[in-house]
Each structure stands twice: as structure tokens, then as C-alpha cells.
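For reference, chains read A, B and C in written order, and residue numbers begin at 1 within each chain.
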């Protein structure tokens, strides 16, 4: 801490942080888009479980033995996350860029001139909200899947190895995606640019990797942020080349940390 | 301050053209063309889409060329130069959807739409002009992008590798089908943009519809319900138009018809909303 | 001429504008006054066919705006000066509007010249200052050389030179026989610019009157009087039907009586007067008294 700061300022750091957190909390909930996007996220995760699980139940008999053996009931129940990540990532981007777009950022910075602190608190508040919501949604989706996968279709229970980790992992994954979006928003400071970058990394890169010859796909795909992080909510690895769940999640964390570090470095040098 | 003398009635020096439907239509078309050509984000998107498609095609084909001897016999037997060579279309489609959406959402985003509707209160005419321009320019751009990317990609498939040329009927159909897919996707983007009026929402919806939804549902067991729905997703109809190998696909002609039907439905919805809602 | 009959706009159950009847006549500047949220912008958007009335009609030269083939030749409007794509040049912006109504390029150059934007015509509109954006908006309104002009808060954010320029422009447009409707919440500016006023509050028409009459009517029968025994004078004036307010310094503000009747009463009852004068009124006074009961967003007055 800067030694020239007055003593009282140093002592009031926790107060300062709490005030910033409260301000970010109010901003998050008072904009209509955030609650809408969060509600849509929960809906998409749970609806995904309904659609996919009932699809497998009705078509189970037509699947080959190898397809049946590869079936991962937990992953299938949680797969709505693939759609939800777009909403959550976009929410992260917009949490920053909407302030730049409307000029609110000047008011925000006037109230809290410590930019690094501001962004950190913004990320923490958004991350906490997203974590709570998406963890709850993951459990709801898992429970829905548990009730839909009946008859000959195998289902998972939370006691089975890896299942609890996967369900909790759904919340962790979406939280990291929200933070990734926030960092990209702060880097680009523009809604279209931020969203394009986010969707480019999460959707277009894996699509591109998939176009390459098989062995190149296997070398590149597992290390892309989305693919690496999503291993945490798989119980059966989707390919022999996939990273392990915790390695994958660590790699996604590393990507997020790197983009956050880039933001904090740049923020010192840029004008608002 | 009340004027003492009643003022002379205003005599305009500019006289309006004759009010024939043809003159009206031409005026709107000119106006939309001026707006379109002075919108830099559209040209950037078009140019990026073109470059990305060509680059991607070169990347994919070159890597197949360089890995050819490492590929197993089965992979080699399954290699289809046109299907692989046109794989970039999955990503190019996103650019076209974005182009269509941007052509209208930028107007809403900036408030420019007020000026547009004040100058042409006949709102269906505005949408018709945008549609016509996007169709003409979009199909030209689509054809240029698909053929350039396809030909450059195939030029990398040398040596013992199988490769395709535009004189192969299959390849020519696939290239034309791909261009049609891109054009219709652009129109879908335009009408979707008109419906939601927001760049962010329109682009997210397009991405969800064209890239995530198919990934989620393509792998589901092929039950009768699946056969009646999943192949009719816009992206899968697109595959029908340019891809040869996938068994579940709809035949190209009905696929093109269905895709065109989606575009018409979206157009009708956009038109209805545009007419009845506040500008 | 603009004519509204029973013009009503509802958003859900809330009426933004209800039952407006008015005519905006040519040859004068008509000021459109009202507090924020009174329905001024909604009314203007309905005149221009941007918002569709819930009921009632509004016509421009006898036709609905949406039924006008070449509207810019009849009516030009400045609604929001910033409603221009920031990446487009001023020239291209105007050119696209002109083309939509068959207006030649020469006219684009003429209006750019008229508003003084010719030197920056090829620059991105996004880089314009508010004053320049306002001029670009006015250029757009003038494109079709229309007989009717609408300006929504045209002097917002302008410097004194810009304000004077717009005031002169509006007066000269009206002097040429055009219909000019200008909304504003700046009273002093309105007092200098407008000949006639439309005042609305909470979506209803409160006044449709010449500016001078509104002020004169407000000032009539308001008298200030100082007397040695102001309590007795107040009682006497009340018996005559006056409405009395006692100011802290002992001055009585009398409403409802003119200075002649106050003077006569004072002489008849033997009051010693130190001062008797008519109260002059400004547009601001008149406006506040008119909209007192219809202000939608109002700052609470400290007790």
C-alpha cells in the first residue's frame, strides 16, 4: 500500500471494499437485463436436461451398443450449460461494456477511482451471483435428468464416483465463463467487440479445430478454454485425448487469470 | 410579437418527384444503398468473412495435405475433398447472419431509424428495399466467397490426394448450394435483427441457433421425433445444400425450400411487427 | 398546418397523451411547452408517424404522415440530434435522407452550406460536437424545403451563438410563411422565439393561446400594495372578493382585483398607502401557474 496515503484511508479499506461491492450489487440488480439473463440461464440449463434426457429415453433402443456404453447420464443432464455459457459470458461482457457504452463508467470511476479494485469487486460480485445460481441450476438439472432417465436408460446418482464433482463443476465452469466475459469486456470496452471475442473463443475456435484432420484436432481441441473447462462437468471423458477434469478446470482458470492480468495491467495505462 | 401582416404562404423551391410507385421504390432503394455503402462495419464484416473463409479453407486443406501420410486407411477412405473443402461454411454462415442483422440493428442502435422512417413512413417499403439489396449483394458476395475459398483450398490438395474441381457436378452443386445457404442465412439475420432491434441479441440468437443447438441435438438417438425435427434445423438444412456424406440429411431441393420457408416466415413476422410497433 | 383531434397515446394503462385537440398554424412560431414527461416528445413522434396513436388522429396538411408519399417535402423535423450513425459522414447521412424523397444532391450541398457544415461535410458525424450535431439535424429538417418544421428542444446544449442562430432561423422560417412548432422547457428562450403557445401537462392541453395573451392574462388583476395597517386593509379587500397573500415584509399581494379598485377602496375606507403597483408577469410566472397542478416530476420543496 502506498505509504503516503493518510492513515484513516488505510484503515477504511474494508469499508471501502464493502461500499464498492454494495454499489456493484445494486448496479447488477437494478438493470433489467441482468435478472432476465440470469433467469434465462437457469431456464436453459434445466430445459436442456428435459429435452436431452427425454430424447435419449425415447430413442435408447435405436442406439448401438457402443453408443450406449459411451452414454454419460450426468453430462447429458448438464448439457444445457453449453447454451447457458453464452448467456453468462455475454452477461460478463455487458457488465463492463454497458458502463462504457452509456458513459456511466465516468460516474462509477468518480465514485470509486481505484480501477483495479473496482474491476476486482465487480468480478467478485458477478462471480458470486453466477456461482450460486448456476450451482443451484446444475443440481436442478441433474435431479430432472435423474427422473427422466428411466427404464433401460442408465442414470447416475450423486454417490457415484465423479458425479457430485461434475454437478458442482457445472457451477464452477459457468462462474469462470462469467469472469472470462468480464475480463474480455474490460479489455475491449465495446459490446460488439467483447461479444465477438468471447463467442469466437468459446464457439468458433472449437468449430475450427474440428475441421482439421483428426490427429490435429486431438492435439489442439483439448487445450481450448471451453473444451478444457468443460471436462469438470463430464463424468466419462468425451475422448481419450481430453484433459482430466481438474487439469482442464485449472487450464481454464489460467486463461481467465491471464486475461484478468492483462486487464489490470492495461487499466493503469488507459484513460476511462 | 404577433406578426402584424398575414405572411405570404410558403412557396417551396424544391418540387417533389411524381408520386408513382416506381419512383417511390427507386428512391427508397437509392437511399438504402447510400446508407449501406457508407456503413463501415458492414464492409469490415464482409471483408473479414471473406478473408476468414479463404484462410480457413487454406488452413484445413493444407493441414490435410501435410498430414495425409499420417492418416489411417479408414480416414483416407472417408476423405471427401468437397465436404472437407467447404467445412469453412459453418463459420462463414455466422458472418452472413451477422451482416444481415447489422444492416438493420445499427439503425436501431444509433437512432438512425427515426430519420429513415420519417423520410419513408411506408415501412414495408424500407424492409423490402433492404431485403432486395441484401439479396443481390449477399448472393454475389456469397458466390465470390465460396468459390474463392473452395478453389484456393482445392489447389492445396496436391499429389496423390483426391481433389475436386468446379467441373465435377457434385462440387459445382455444393458450391452453389453453399452460396444459397449463405444468402438465405443473411436474410434470416436481417429479419431477426428487425424483430429484436438489438445487435447483441440478434448475434447471440444466431450463434445459438446455428452453432450450439445443432451440437446439442445432433447426437441424440435417431428416434422418429428426432428425424422430423433435427434435420430441419437451419444449419442442418445448410449441410443438406453443400455436404454429401451425412445420412440423416434432407434432400437438397426440399432443404432449400424449407430454408426459404423459414426466411419467409421470419419476413412476415418482421413485417407485421414493423408495421404495428412504434418506430 | 398540423391538426390533432382527440390524439391519445397509452403505454399499458398509463396515458402519455390524452385527448389532445390543437392546430398549428403557418406563419408563426408555435412554442410547445410542458414539464418533462408531459407528452411533448410523444406528440411530436405521433405527428411524424413514428409512434402510432392509440386513438384519435393527427394530420400534416390534412393527411396522415404515414400516408404521405414524399413527406420530407412537406415536413422536416429535428427530434434527437444524436440519432445519426456515428460512422457516417454528414454528407452521406443527408444524402441518404434526400434520396429517399427524390431530393437532388444540390439541395444537400445547399442545406450543408446554410447550417455552416460544408467544411466538415465529409467527416464522421460521430466526431461532431453537440452544436454541430444539432446543426446537422436542422440541415436534415430543411432538406425538402418543407412548409412545416418541427424542432424538439433545439437549443439544448448550445452555446449563446448557437442559440441566437437557431432563434433567428426559426423566426425567419415563420416569416417565410412556414409552420414552425418548437418544443422547449427553456422559458426565457420561448419568450423570445414563440408567437403562439401550446402548453401541455400530464398529457392534456392546458393552453392554446398567443404568447402575449397568456402573459397578459396572468398579470391581470395582480396588485401589490403596502399600507400602514395591512391587517385591516386585508380584511377590507377580502370583502371585495380579493385573494390576499401577506408577505413577510407586510406587503399584500392581491389577486382578483385591479389597482383601480384597490385604490378606490383604500380612499373610501381611509387607508394610508405607501405603495400600490401592478405586478408584471413573465412567461415563466404564467407557465408555472398554469402547470402547477400538472407537474409530473417535481422536486420536493424544503419545508
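Convention: a residue touches a chain if its C-beta (ideal position, glycine included) is under 8 Å from a C-beta of that chain, and two chains touch if they have at least 3 such contacts.
All figures in this text were calculated on a predicted structure; none of them were measured in a lab.
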Statement: Top of the farthest list for chain C, CA-centroid basis, is A
Statement: Reported most central chain by Cα centroids is B
Field: Chain pair with the most C-beta contacts
entry: B-C
- prompt: For chain A and chain B, what's the span in angstrom between their mean Cα positions?
  reply: 29
- request: Measure off the straight-line distance from the CA centroid of chain B to the CA centroid of chain C, and report it in whole Å.
  value: 47
- prompt: Roughly how many whole angstrom separate the Cα centroids of chain A and chain C?
  reply: 52
- prompt: Can you name the residues of chain A that touch chain B in the complex?
  reply: 48, 51-52, 55-56, 58-60, 62-63, 67, 79, 82-83, 86-87, 90, 94, 191-192, 195-196, 199, 203-204, 207-208, 211-216
Statement: Within the complex, chain B is touched by chain C residues 26-28, 45, 48-52, 65-73, 77, 79-80, 82-89, 92-93, 95-104, 107, 140, 144-147, 174-178, 194-195, 210-212
Message: Show me the residue ranges of chain B that touch chain A in the complex, using the header's touch definition.
response: 56, 59-60, 63-64, 67, 70-71, 75, 84, 87-88, 90-91, 94, 199-200, 203-204, 207-208, 211-213, 215-217, 220-223, 225-226
- prompt: How about chain B: which of its residues touch chain C in the complex?
  reply: 1-3, 6-17, 19, 23-24, 27-28, 30-32, 34-35, 38-41, 106-107, 110-122, 276-279
